[in-house]
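Heads up, there are several structures right after this.
Each of the next two complexes has chain A plus one other chain: chain B in the first, chain C in the second.
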Partner chain A sequence: MATDRLLNETFAALADPTRRAILARLATGECTVNELAAPFDISLPAISRHLKVLEQASLIVKTRDGQRRRCRLDPLALDRAADWLQFHRRFWNESLDRLAVHLRHTRKSKEIPHGPYRKARRGKK
Partner chain B sequence: MAPTAKPAAAKSESKLSLTMTRSFDAPADAVFRAWTDPRQLGRWIGPRSFEAKVVKMEARKGGAYRIALRGESGERHTVQGVYREFAPAKRLVFTWAWLDEAGKPGHESLVTIDLKPTGKKTEMTLRHERFDSQESRDRHDHGWSGSFDKLAEVLAGKPGRR
Partner chain C sequence: MTTERSFSVMARRWIPASAQLLFDAWTQPAELMQWWGPTGVKCTDARIDLRVGGTYLIDNLMPDGRLVRIVGDFEVVEPPRRLSYSWRVEPGEETPERVTVRFEPCDGGTEVVVIHERIASTSTRDRHEQGWQGCLEGLSRYVIAN
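== the complex of A and B ==
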């Protein structure tokens, strides 16, 4: 997994409730840093620090429009984080489906747990 | 999505996790063996249409394992790890790391299997946790207390959907 370092940064950035709230706000559309700061009871420099973390994790993109700094969500990093979860969710779900079948099969043929794959059982056991 | 995470709760959860529970029509020791007998594990682990081969398994605490997976179109993936806990018929804990193209293990996550007998059946809970790297844990006080659902909320509203 070549995107590993980036994934770590993404998860670390998502680990903070204020940053998740910022992302949720940005999910409704692009806005300025001041607009972003308004609903939070923290200083503008504090917001800026959070934005920097989000930017480093590639979760947001900052642009400058004259005097105003604007932010928007960059869905790529979030997609990668979701991919990790989706991949493993599918991996385990489908594995466990197969495990259930395997266990049923093993129970039915108690002495032949590896039935079709073990040709030379003569002499063994 | 409101910032609802409590710092106390967040502290123990600086990780992103996936949990699923299944009930199997088999005794707990049989389920445990299905995980720790290399021939059995190779027959079911992996998504549909994948073939797995357990190329290494030291079935004990501290032992290592390695599983090679091959998809329908020939793509190969290898995962490896070490057993951290090995309690037959009860609990199995192991690290989990995919190898990259160069054969180096990537980020290490942790899988915990808990088995609970319920009559003739066994209830199994699988938890797969992905920790932040040590570095990022040092940098951030708050833990990732959310789940896939919270992430999904953000994703559901992402700009692409506007």
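== the complex of A and C ==
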């Protein structure tokens, strides 16, 4: 399915810190390729390669303004990626909530007689 | 690995029960059907062939009446500590994703850690535990804390 492939490309494109930095810059407004490249310590061709990946993933749109090449963010693909994350985040969190409740209500959960009872400890990576 | 760099969602919960109990709740259809899915989703059928290479299916009746079937096969089955399986949604996306669940005994209970990865390639058989680790870089804001 085409949308599925696009989502994969979006995630792959987002998996690179330079490309995320480019997107963050574009989130503040449209700019030229040279302006985008300025903060990075890498060559213009390298930036262009990153931009191409972002463009193929439909994360940005390139336009031409005379001699200048400009880029702007295309929020649709980001929205789709965010939707995927949001859906699964909710899916698993609510499932785990229900699992905890389910086990609390089964006799077997008393098998740990002296375990400290805490409601969902917050985990850190 | 380059094609497998993809975003992941992680969820974790400390639950006052043993790893074995949680593992069973996760892998026995009759139990799974009682808790599976977010609020509003009803699990109407579950079939699980719990062995490496074995398949599973989970039917989810969505709040809007749609029936969504999740299918896949097991890649890692290590009771009561670890499970890893592919995840495909029918009807829908054709690329398999992957779910890894770990049950880690701690503080008199068990920490359940779920990692749901979106695998861009079809090589779901590779069992590199590290696979998802690299994906978490830059993803901390998506890591589930609650």
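Basically, the second predicted complex is superposed on the first by the 105 of 125 C-alpha atoms of A that agree within 3 Å, B and C clash if a C-alpha of one lies under 4 Å from a C-alpha of the other, contacts with A are read in each partner's own complex, and residues count from 1 in each chain.
Operating definition for what follows: a contact is a pair of C-beta atoms (placed from the backbone, for glycine too) under 8 Å apart; a residue touches a chain by one contact, two chains touch by 3 or more.
Every value quoted in this text rests on a predicted model; they were computed, and no experiment measured them.
By the document's definition of touching, both partners, chain B and chain C, reach A:92. Of the two partner chains placed around the shared chain by superposition, neither chain B nor chain C is touched by A:33.
Using the contact criterion defined above for the overlaid structures, shared-chain residue A:11 touches chain B and also reaches chain C.
By the touch criterion stated above, A:84 is placed in contact with chain B and with chain C alike. Looking at the shared chain after the overlay, A:103 reaches both chain B and chain C. When the two structures are aligned on the shared chain, A:24 is found in touch with chain B, with no touch to chain C. When the two complexes are superposed on chain A, the residues of chain A that touch both chain B and chain C are 1, 4, 7-8, 11-12, 14-15, 17, 20, 81, 84-85, 88-104, 114, 117. Within the complex formed with chain C, the residues of chain A that make contact are 1, 4-5, 7-8, 11-12, 14-15, 17, 20, 81, 84-85, 88-104, 108-109, 111-112, 114-118, 120-125. Interface residues of chain B, counted against chain A in their complex, comprise 1-5, 10, 14-16, 18, 20, 22, 24-26, 30-31, 34, 37, 39-40, 43-48, 98, 100-101, 106-107, 124, 126, 128, 130, 132-133, 135-137, 139-140, 142-146, 148, 150-160, 162. Those residues of chain A lying in contact with chain B across their complex are 1-2, 4, 7-9, 11-12, 14-18, 20-21, 23-24, 27-30, 72-73, 75, 78-79, 81-82, 84-85, 88-104, 106-107, 113-114, 117.
Contacts from chain C toward chain A in the complex involve residues 3, 5-7, 9-18, 21-22, 25-26, 31, 34-39, 92-95, 107-109, 111-114, 116, 118, 120, 135-138, 140, 142-146.
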